[in-house]
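Naming follows writing order (A, B, C and D), and every chain is counted from residue 1.
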Amino acid sequence: MASVTTLPNPSAPARPTEWVLTLSCPDRPGIVHAVSGALAEHGGNITESQQFGDPVSGLFFLRMQVESASDRAELEAAIAEVAGRFAMTWELDVVGRPVRTLLMVSKAAHCLVDLLYRERSGQAPIDVVGVVGNHTDLADHAAFYGKPFHHVPVTAATKGAAEDRLRELVRELDVELVVLARYMQILSDGLCRDLSGRVINIHHSFLPSFKGARPYAQAHDRGVKLIGATSHYVTGDLDEGPIIEQDVERVDHSRAVTDLVSLGEDVERRTLARAVRWHAEHRVLLNGHRTVVFH
Amino acid sequence: MASVTTLPNPSAPARPTEWVLTLSCPDRPGIVHAVSGALAEHGGNITESQQFGDPVSGLFFLRMQVESASDRAELEAAIAEVAGRFAMTWELDVVGRPVRTLLMVSKAAHCLVDLLYRERSGQAPIDVVGVVGNHTDLADHAAFYGKPFHHVPVTAATKGAAEDRLRELVRELDVELVVLARYMQILSDGLCRDLSGRVINIHHSFLPSFKGARPYAQAHDRGVKLIGATSHYVTGDLDEGPIIEQDVERVDHSRAVTDLVSLGEDVERRTLARAVRWHAEHRVLLNGHRTVVFH
Amino acid sequence: MASVTTLPNPSAPARPTEWVLTLSCPDRPGIVHAVSGALAEHGGNITESQQFGDPVSGLFFLRMQVESASDRAELEAAIAEVAGRFAMTWELDVVGRPVRTLLMVSKAAHCLVDLLYRERSGQAPIDVVGVVGNHTDLADHAAFYGKPFHHVPVTAATKGAAEDRLRELVRELDVELVVLARYMQILSDGLCRDLSGRVINIHHSFLPSFKGARPYAQAHDRGVKLIGATSHYVTGDLDEGPIIEQDVERVDHSRAVTDLVSLGEDVERRTLARAVRWHAEHRVLLNGHRTVVFH
Amino acid sequence: MASVTTLPNPSAPARPTEWVLTLSCPDRPGIVHAVSGALAEHGGNITESQQFGDPVSGLFFLRMQVESASDRAELEAAIAEVAGRFAMTWELDVVGRPVRTLLMVSKAAHCLVDLLYRERSGQAPIDVVGVVGNHTDLADHAAFYGKPFHHVPVTAATKGAAEDRLRELVRELDVELVVLARYMQILSDGLCRDLSGRVINIHHSFLPSFKGARPYAQAHDRGVKLIGATSHYVTGDLDEGPIIEQDVERVDHSRAVTDLVSLGEDVERRTLARAVRWHAEHRVLLNGHRTVVFH
């Protein structure tokens, strides 16, 4: 699938870069042809493409990976021209560029350990630039993976200050993605709004079942035969944000609440890991209060 | 695993029958020993045994399959003696005896077809003694499997009469189990009470998510990534009865509500089929508003 | 997503047809743009599109659904022009057109019943034009669904004649797809070749485990913890044809071979049903001895 | 479920210990009654019990958890008496006692990290007494969890010496269980025999598919739609040992071999973790070349 474009400088042929383009716009004929045309003019070779037209919202969603030796400015100009005609919201990135990520934790280690291990082993294109804990229990795990640990305790009295500190970290560390990796605090409405579409949470139930506190105790009491986990974007509306991924694990009557908590760790960590990877690979697009996931 | 009991009539040695005993009682030491002792005295050979002590309710549950050449009266007398000492609720049946079952349907055929096919192919120990429909759409399926079809239409005005007819059928046909195989009517509180523990429903969502009407439309709107089905005993408290079995199927953003309905058929029918089989095999015991399922 | 093409006869505006185009060709830049361009010229609105470039074989695969008011001849001409330039193998069909299908069975009913039920309930775009059985056991099921049943017994001596009869039926009934729905006979090499890519089988194991006869007995003996089923195109190389779909079911030590057979029915029928549906929806493309499945 | 036995010394009432008894013997009537009787005489309260009679091998298997204030010698004497009568093979242990475990690794970290994390978080009753690597890549992970790391390189020339060193470690560290956590060396027949039933391996395929080297490359070439992992006891017969647990993950045509390797990590680590936990909880009994798993 080598690109056969004419390169700007034949004496030093650039290796083509692989780009990922995501966009959404009102659905109408000609979108794919226009986009593929704009890319073809820059020697782009489409290596992956997925699309979805939502008959309910009337919106069209596209994700393309394209190899091109053109530079970012050229590509952006070409896309911008098409985007203007179709009223597109769009984003261009280099495939595999690690997304600057801040992990927020409390005391439970499983999601943190899993994400740090996946970063190190190349299973998720993230660059964890720091770990924030409202407790210090997990500082050693952060240290092992060479990550700065920021202790930001939260009490009713200090909640405002804690969020200020969080905003500061997001700014200073140039954070693109915040992952609540079993962070047991609720973010304020204001912060949710400011970081909209950039905060991923893992809820330890199969939403919308068992919203709120102690979902495994609720699940046990209801006698469900499967427990689940839900990874979603955080909005001001608690446990109501757009769902990215869900998974379940079978349980039976013999499981106590503590067993559910323990079994749940596996499904939580793999559900969150998928959501984080797909987000970092630009596979998740927002469609109102729902998501389009091109995996 | 041949039984070595001394048989009452050596000239015509009875082949041992396989019995299934289910019981529950307050948990305390010595239950298994007492029960196994009573059975051993009647030459019983335990071929399958499962137990559960619930630390929350303090109740103990047991299901045993036992081969014995003793007759029912002898076994019942032996068990009754132990049961008295331990305050047991118990039931004795012959393994594999088909349970007299009434299927109730509306217009959707998938659960009906599946259950009738499983009965015929020996995959569920049920004897479907009739099919009740509030519409006539499925009469041909009933006829193909040689089952009497009873058309009992339901309107707001005739609901009482319809339930009277249902009670009559249950009585006349000596029905042990009623299965709501996508029967789109709600039973009255009184009927739920009278048939308590003998009516199984399939709800087309992963309860407690999406109770009530049009669960697939609700699921689509919420943007879930798995759809599910829940089979449960019917109580007066709609969609709140003890859960017997649940299962899920993966979906993605591209699925319309009609796709969910269609995909959901598979998960509904297999979830209901398991619940019906386990009930008919005496594998489901009630533990308050939860179930113990020995599968 | 209304099509905005100029219609040939404004006084009787044709409703656009939804077409499905599948193609494969050597991978190189510009394919998507060329195809989408040819379709756009005929007012085509792409409603679904999936592609895959295989770095191993160097082949590119595309499946597009497109709404267009143009007639078949116009579309075919447009595609043919592009296809010539890119050395494409391609096929155009109307979305949802039922594929003329012949079901072949022996004595096991589950796959037959399932496929006939799915056809009737609109879950698979097939038109079952006949059922062939080497035994007559399943004639009643065929009759219930209004399908002609052809009894074609097979013995070592009559195998050639039986295959002649089968070829005749394929010709007479204009059969596009043959489904071996637990047909317990092996087709000759010659017939496999003649019907290449048009015969789908369900093998009752997770291939390549347990090829050949009595796979559940083999699985039981090996003590596996999951049993599976594999749906694949039939080639002369027994159980080695391109895999379309596989699925599994959990089992444990307590299951006898007969239990595995019974449990296996569920996984067989759903695996085969998916393969048949995807084939009939033109979602399965051959890539050497592997498949590309755009589901 | 408090034990109501009369305690030997009322002035210092011992808290009852929870014991786990596993046994197998030729199947015949009276086993459960005899065992439960022997335990009842020592004030034992059975809290969990599972059994299986294998009609093929004619063997009976039992696992019981029982609370008793009696000491080990008393219980062992009581069980030994019954065991003699029924020709039982049996084992008694304290529930939850950590099993002394040696982990063997090469370069892949995922199984090692997972097992060490599960030990620390209390999800598997193991006491990892050391990590052996034929490479030093994973020494840092061992160090983080405070485990001694033993570098035992293996070449064709040094294989014998390496196995001597391993035997020495097993002896010195009093190792009960050896886990090959993606250890890429084959143990000699002699060592397999000596450690029979005490070595668990994870094979990165759904056995018996894709035995031997590079299973993911084999799986990719065959075009399977699910990849799997198999955890089994190690015998001299490579990849043929008794299977403890298997699991699978869905893949599609777009996955390269490297993707399968990466996706496979998840299924490998959870499959191995379950096998190790069940073994350490005395839930796995050998039944010839198959296993009985009471989970």
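As a convention for this text, a contact is a pair of C-beta atoms (placed from the backbone, for glycine too) under 8 Å apart; a residue touches a chain by one contact, two chains touch by 3 or more.
Molecules present, by chain and UniProt name: A, B, C, D = Formyltetrahydrofolate deformylase.
Quantities reported herein were computed from a predicted structural model and do not represent experimental measurements.
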Touching groups left behind when chain C is ignored (all other chains fixed): one piece
Neighbouring chains common to chain A and chain C, by label: B, D
Distance-maximising chain from chain B - centres being C-alpha averages: A
Centroid spacing, where centroids are CA-atom means, of chain B and chain C in whole angstrom: 37
Distance from chain B to chain A - Cα centre to Cα centre, in angstrom: 43
Touching two or more other chains - residue numbers and ranges from chain D: 55
Chain contact graph, described as a line, ring, star, complete graph or other shape: complete
For the chain B and chain A complex, residues of the former touching the latter: 52, 54-55, 206-210, 222-226, 228, 242-248, 252-254, 256, 287, 289-293
Residues of chain C that touch chain B when the two form their complex: 109-110, 113, 117, 121-123, 140, 144, 262, 265-266, 270
Complex contact set, residues of chain B against chain D: 1, 3-5, 27-33, 36-37, 39-40, 43-51, 53, 55, 58
